[in-house]
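One chain, chain A, appears in both complexes that follow, with chain B as partner in the first and chain C in the second.
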Partner chain A sequence: MEKMMQNMMKHYPMMIGMGFMLVVIALIVGAFNAANAAAYYAVDKAVRDASLELAQVRSGIESTVVWLPYFKFLGVGMILAGITMALGVIATGLQKMATEVLGKAPPKPRSAMLMRAWMMLGMLVILVGFIVSLGVAGTASSVFSNPIIAIDAAESGSAILAGLGSVHAAASWLEAFKFVGVGFLFMGIINGLASILYALNLQRQALPQVVQKQGAARSTAPAMAGD
Partner chain B sequence: MMEKMQQTMMKRYGMFAWIGLLIVLIAFLFSLQVASANGDFFSASKAAREGAAAGSALVGANVTRHALAWWVPAFKFAGLGIMLGAITMALGLIATTLRSLGGDLMAKWPAELNPGLPEKPRAARIFPVLIMAGWMVLILGLVIAWATTGLVAGYWDHSIASELNQAATGSALLQALGTIQATGPWLAVLRFLGMGLLFTAITLALTVVVRTLQHQERSLKRFIQARSA
Partner chain C sequence: MAVPLTKLDKETRGLKFFPLFTVTGWVLIGFSILVQALVLSPTGAAYWGGNPKAARDAAASGSELLGQLAALAWWPRLLAPLTFLGVAAFMVGIALLFSAIPGILERRTGGLKKAIALMSGR
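Right after this comes the complex of A and B.
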């Protein structure tokens, strides 16, 4: 399991590349959505509000507005996870170096384990947010495929208002939820840095011991040669 | 004195990270309240929403969804900012540890080969100032958001159809709306200015780490050359 984790950590450039790609795709989709919105709002309000055909355009715009930010944050999350993985690789390298110098493996810090746990938790939160946003985008699409006059005239308890309520409610908590994911990923980075600090402090403590050992080896070498 | 205080504070990066995460989680709890208010408000028909009188449950829900959505983003960003500050502190601590490690190692070299510790790079003095500046900007934004929440709540605590939409030019209601619309965008800019300062602090802290490693590499090369000569 440990070995698998360490192997996975080494793939951090791929993770960062994939995250960057998602952000670029989000930018392209956002640009298309902006063009759609510009075309939609170029029509006068009376026609916009009554047209069933334009309602389909609006349905696309509104549903994209719902899911796109979470898709973008999935990309940002992957980049942050990639940074955490890179820190993990550095910490593992330092740990290996310490093992070679000391001749025995030093104890692993708790932060090394926590780093992975926070990273995975953060990615999970962002992924769940994205999946939920896809569901909400479906609801938004069905609500806004009705002309605005139909939405405005909807009675309490109708399917349209139930959908509209759930879209607005989900948008509010999803917005904060993705930042919880980012917060967890930041905790992963902080634990990664703590692991590096631990390894460096370990080297600092082991330094006198290593120098002493080398000095002893050097002083015995001429004596042995003299024998 | 100042240097010592900074070092002590930097060692507490874990505590700052937890405080930041706690703030982000509290912000999430408030967002659930906004979600509930949004659900209540939009479950009523448009006519009922707009016609509801001040003091009614619908107007109450409208006040909650606007007032909380006004200050919660500033609060959430303050939490994230504190976490970014903690990351910068950990990087600063790594740079300090690398410097001490290099110092300890070079102390074992013969005096004529020991180049001594270099002067602290300027970036090392600037990044703690940037953390503080970033935090101050984010806290300022939060304080302004809290201070103006009353205005937002007061504005939305009216009937949309009979009071807000009927407000005449120069009325207190329209003045309040003007202030809210004018304050919102620059509060958002203030949040990103704070985050920008913190990201710059991270970049500078990374520069210090890189410079420290470069200095150690140069010293080690000089040492090996001198020994082999």
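Right after this comes the complex of A and C.
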């Protein structure tokens, strides 16, 4: 398990590359959505509000506005996870170096385990947020595929108004997924850095003992040669 | 050879203050999430889902509907910068941790110099 985790950590450039690609894709989709919105609002209000065809355009615009930020955060989350993995590779390298010099494995800090746990938890929260946002985007799409005059005429208790209410309500609580996920990923980075600082401090403190051991070995070697 | 290291050496200012920024980050993000989940979400559902457009447009000054609309306009504008302040606090904490590395490396260099001198018998 430990070996598998360490091997996974080495793939951090791929994780960062994939995250960056997602952010670039989000930019392209955002640009298309902006162009659609510009075209939609260029039509006069009376036609816009009554047209079923334009309602489909609006449905696309509104649903993209719901899911796209979570897709962007998925990309940013993958980049942050990649940074955590890179820190993990450095910490593991320092740990291996200390093992070789000291002759046995030094104590492993708890932060090394926590780093991976926070990172995976952060990615999970962001991924769940993205999946839920796709569901909300579906609701937004079905609500806004009705012409504006139909949405405006919807009575209390109607499906359109219930859908509109759920889209607006979800827009508030969905935010939690983004920022809690990013918070967990930052905790992963903090623990990764703490592991590196721990390893560096350990090496500094172990150095005099290594030198003493070397000195003792050297002083006994000539005596043994003399026997 | 067991090296007694139970926690990080808190030798630099950065290592002393980074938890403060991390906690600040969680407090700000947590507050924002609580308001969004407990205030904004039910208000949004009630305002948009419970009232037809005619009722929303006809709401008089001081009515509950306009109060809900004011809350829906006020909180998001306040919470967005607050949440980003939380994210920034996390980043400052990370920067403080990074800033501890040069000091540790410097002291390690001093230790290495002494060790090399001892090992070469100078």
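Rule of thumb we're sticking to: the second predicted complex is superposed on the first by the 216 of 227 C-alpha atoms of A that agree within 3 Å, B and C clash if a C-alpha of one lies under 4 Å from a C-alpha of the other, contacts with A are read in each partner's own complex, and residues count from 1 in each chain.
Everything that follows uses one rule, which is that a contact is a pair of C-beta atoms (placed from the backbone, for glycine too) under 8 Å apart; a residue touches a chain by one contact, two chains touch by 3 or more.
Values in this document were obtained by computation on a predicted structure and should not be read as measured data.
Quick one: on chain A, after the overlay, do chain B and chain C clash, or do they fit? Just give me the call.
Overlaying the two complexes on chain A (C-alpha atoms) leaves chain C and chain B clashing.
Using the superposition on chain A described above, determine whether A:103 touches chain B (first), chain C (second), both, or neither.
After superposing on A, A:103 lies in contact with chain C but is clear of chain B.
Could you say whether A:154 touches chain B, chain C, both of them, or neither, answering first, second, both or neither?
Both partners, chain B and chain C.
Determine, under the contact definition given at the top, whether A:112 touches first (chain B), second (chain C), both, or neither.
Neither partner.
See if chain A has more residues touched by chain B or by chain C, and give me that chain.
In the superposed model, C touches more residues of chain A.
Between chain B (first) and chain C (second), which, if any, makes contact with A:206: first, second, both or neither?
Once the two structures are laid over each other on A, A:206 reaches chain C alone.
With both complexes superposed on chain A, which partner does A:143 reach: first (chain B), second (chain C), both or neither?
neither
Of the residues on chain A, which ones does chain B touch that chain C also touches?
151-156, 161-162, 164-173, 175-176, 179-180, 182-183, 186-187, 189-190, 193-194, 196-197, 200-201, 203-204, 207-208, 211
With touch defined as at the start, can you tell me which chain B residues reach chain A in the complex?
Within the complex, chain B touches chain A at residues 13-14, 17, 20-21, 24-25, 27-28, 30-32, 34-36, 38-46, 48, 65, 69, 72, 76, 79-80, 83-84, 86-87, 90-91, 93-94, 97-98, 100-101, 104-105, 108.
Where on chain C does chain A make contact in their complex?
Chain C reaches chain A through residues 1-3, 5, 8-9, 15, 18, 22, 25-26, 29, 32-33, 36-37, 40-42, 44-55, 76, 83, 86-87, 90-91, 93-94, 97-98, 100-101, 104-105, 107-108, 111-112, 114-115, 118-119.
What residues of chain A sit close enough to touch chain C in their complex?
Touching chain C: residues 102-104, 106-107, 151-156, 161-173, 175-176, 179-180, 182-183, 186-187, 189-190, 193-194, 196-198, 200-211, 213-215 of chain A.
Name, in rising order, each residue of chain A that touches chain B in their complex.
The touching residues are 151-157, 161-162, 164-173, 175-177, 179-180, 182-184, 186-187, 189-190, 193-194, 196-197, 200-201, 203-204, 207-208, 211.
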